[in-house]
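In order of appearance the chains are A, B and C, and numbering begins at 1 in each one.
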Amino acid sequence: MADMKARIPLDLFEVPTDLDAFAQAKRIVEAMLFQAAEPLDDARLASKIPEGVDVIDVLEQLIHEYAARGVQLRRIAGRWTFRTADDLAPLLRDETLERKKLSRAQLETLSIIAYHQPVTRAEIEEIRGVATARGTLDVLLETGWVRPRGRRRTPGRPVTYGTTPDFLIHFGLDRVADLPGLDELKGAGLFDGRLPPGVAIPMPSDDPTLGPDEDPLEPEDLLGPLLQAEDEVPPEAGTGETKA
Amino acid sequence: MADMKARIPLDLFEVPTDLDAFAQAKRIVEAMLFQAAEPLDDARLASKIPEGVDVIDVLEQLIHEYAARGVQLRRIAGRWTFRTADDLAPLLRDETLERKKLSRAQLETLSIIAYHQPVTRAEIEEIRGVATARGTLDVLLETGWVRPRGRRRTPGRPVTYGTTPDFLIHFGLDRVADLPGLDELKGAGLFDGRLPPGVAIPMPSDDPTLGPDEDPLEPEDLLGPLLQAEDEVPPEAGTGETKA
Amino acid sequence: MVVRRTPQGRPDDFFDERSESDPVLVVDVDGYEGPLDVLLVLARQQKVDLNKISILALAVQYLAFVEEARKIRLELAADYLLMAAWLAYLKSRLLLPEPTSDEEPSGVELAEALTARLQVLDAVRRAGQLLMARPRTGLDVFHRGNPEGIAATSTPVWLDTLNDVLAAYASQRQRHALARVTLAKRQVWSLADARAALQRLTGLAVDWTRLDSYLMTYAVPEDMRTSVMASSFASSLELAREGVMELRQDGAFQPIWVRARQAPADGGGNG
């Protein structure tokens, strides 16, 4: 591996200076599509490329350049995205079971959602005393253990989060009310004696019925990229909205 | 847009049949790196390509093919990944994303950890000439760029800190020896060995193997609230968490 | 996170990362990051290469700075005052004829050691800037934005157990509950304070440094002198016992000298 370095000229990645507008447009479209979390439409791509270059020409050229590669430029539902070549799917597929553990921040956030649900992001942050990293909630939503359940009737109408039936299944709980209380946690040695008085642990409830201070989620909430949770929202949550 | 379809031959995405092993290996590596959520190492890539093809040759070829594109193949933290070209940053930057700045104290502490690792809190304080506020290290640990890595074999057995692979990934570095400005620090005498008396550290090292003057962290270290860093501890050390 | 600007805060983003749980750590004086930071700023005002700065001029300027700061605000962090004490000592060494004793380093050597420290800090800062100027992943350069697109074949198997969740909950509740405890301001120098300060000072002192009189004059409000003297002395004994520091006193009621322990040599410290 060490000799690898020697074989790659250092200036390889320097900014090319002699690019014409079309070549630069190709680079920009490539990078935009690569970076995007979802397919992009013509207008979005066209907005960033040099004036006078037709974005369709650029896309067409790129389609040809990538056609024989392991990654291809495709149009899906009228928008553009890179996808790995279909014929490679069998090779790539057997990645299968990935053994994962939540990070500490994720675990803490999950535990707060479990105990304090329904709870907003701001409330989680207040309990943890630190800002929640953008990805933390996303990962929890991805596990399928956490779902957005409504919106709190306070300024800003923040989304409230709660746990899902999958959460109960994974952790072998019958209901969230079975989560141990303060005394049991102490008994299990998870709190040591130094806990100041006045620390209370709420009695958690994941009742899918919205609370008096909660509004249902709007249909847009379930599609919005912020939540990224369409897949994970269990059926009950869906019915929650219909009550309105 | 409708005529777009007509302009692209329908058989464009058919599986190429006449590819030699090397060309197919290139496609596979491209696809694997493209779909991976994080950088992949040589061994992982090599496991999927046709036998008899050297994965380093493939990577080298791909580096050159992508060098002038909007997406480039880079080696970061000793692994391989595609990422967008540096010069496109102004176009791709998400202005809505809050660019959280480290405070001066945090940045200095991070630099000292990066350039002088493994390093103890006392050594950081000696270089900065000031006590480290409690939150400074916490914030750095929270970024995931810094981790406690062991304990120095000196009185008090202070914790030693180092950087994580995430640090290298974030700053696009292959290894800590590639840190910018190392020569100047060497010239200024950062590595003259005066700091930990009798221990000369010629270069920063994030080698997870502990140095001769380091002891491993104990399981309690990883659970203690003071360190707040289980997330960042790599698997080898992380097994401590499963003790409970 | 509380964003608190010091009154004459530096223009660069300087949000205070200290949590309310930090007892009395007064790290910044009008936005400075400790005494070395002040010295670097003063050194830059000399507008010469760091190699060529006049340490004597620097010492004078720093002592003036501390005097000024103390007029405005009594509560200077101990670090600033220790540095003042040390610089006052250094100043006298630079001004007076060199002593004949080989035991003590010359003023010039001490000045060089300080210059070297300033250079390291300066280089560390520049390195930090270089680091931050790099294209940063997720901000300037980007990895695949949608890696799952087709790779949904990998099914995550979550290994987390209920106990992990409970432990995380308990630990963070406890941490936060404890973090809420507010401590009253200390009226004494604790042994830990004294110890840390002495260690930082001996980092500066390559060789015998006289502590007591300068420390008392510069570092300490009058009502704390007894406490500081006692704590410093106790801590220095402790550090000497651990082999970190050496002490010397030439006779009863003579000044006490300290230095970082040298590489193992015969004889050891004559404490």
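Operating definition for what follows: a residue touches a chain if its C-beta (ideal position, glycine included) is under 8 Å from a C-beta of that chain, and two chains touch if they have at least 3 such contacts.
Keep in mind it's a predicted model, so treat the numbers as computed, not measured.
A complete topology is adopted by the chain contact network, contact being made between every pair of chains. The most distant chain from chain C is A, comparing centres defined as mean Cα coordinates. Here B is the chain whose Cα centre lies closest to the centre of all protein Cα atoms.
Remark: chain B and chain C have CA centroids separated by 29 Å (rounded to whole angstrom).
Averaging Cα coordinates per chain places chain A and chain B 22 Å apart. Between chain A and chain C, the centres computed from C-alpha atoms are 41 Å apart.
Those residues of chain C in touch with two or more other chains are numbered 19, 142, 144, 149-151, 164, 167, 171-172, 174-175, 178.
The residues of chain B that reach two or more other chains are 34-35, 82, 84-86, 88, 92, 241, listed in rising order. Of all residues in chain C, those touching chain B in their complex are 10, 12-19, 21-22, 25, 27, 33-37, 77, 79, 83, 116-117, 119-128, 130-144, 147-151, 163-164, 167, 171-172, 174-175, 178, 196, 199-200, 203-204, 242-244, 260-261, 263. Those residues of chain A lying in contact with chain B across their complex are 1, 4-5, 7-8, 12-13, 15-16, 26-32, 34-35, 42, 48, 56, 59-60, 63-64, 67-72, 74-75, 78, 82, 84-88, 91-92, 101, 103-105, 130. If you check the complex, the residues on chain A that touch chain C are 31, 34-38, 81-84, 89, 92-102, 104, 107-108, 110-112, 114-115, 127-131, 142-143, 170-173, 179-180, 185, 188, 190-192, 194-196, 199, 201.
Taken in their complex, chain C has these residues touching chain A: 1, 19, 142, 144-146, 149-151, 153-162, 164-181.
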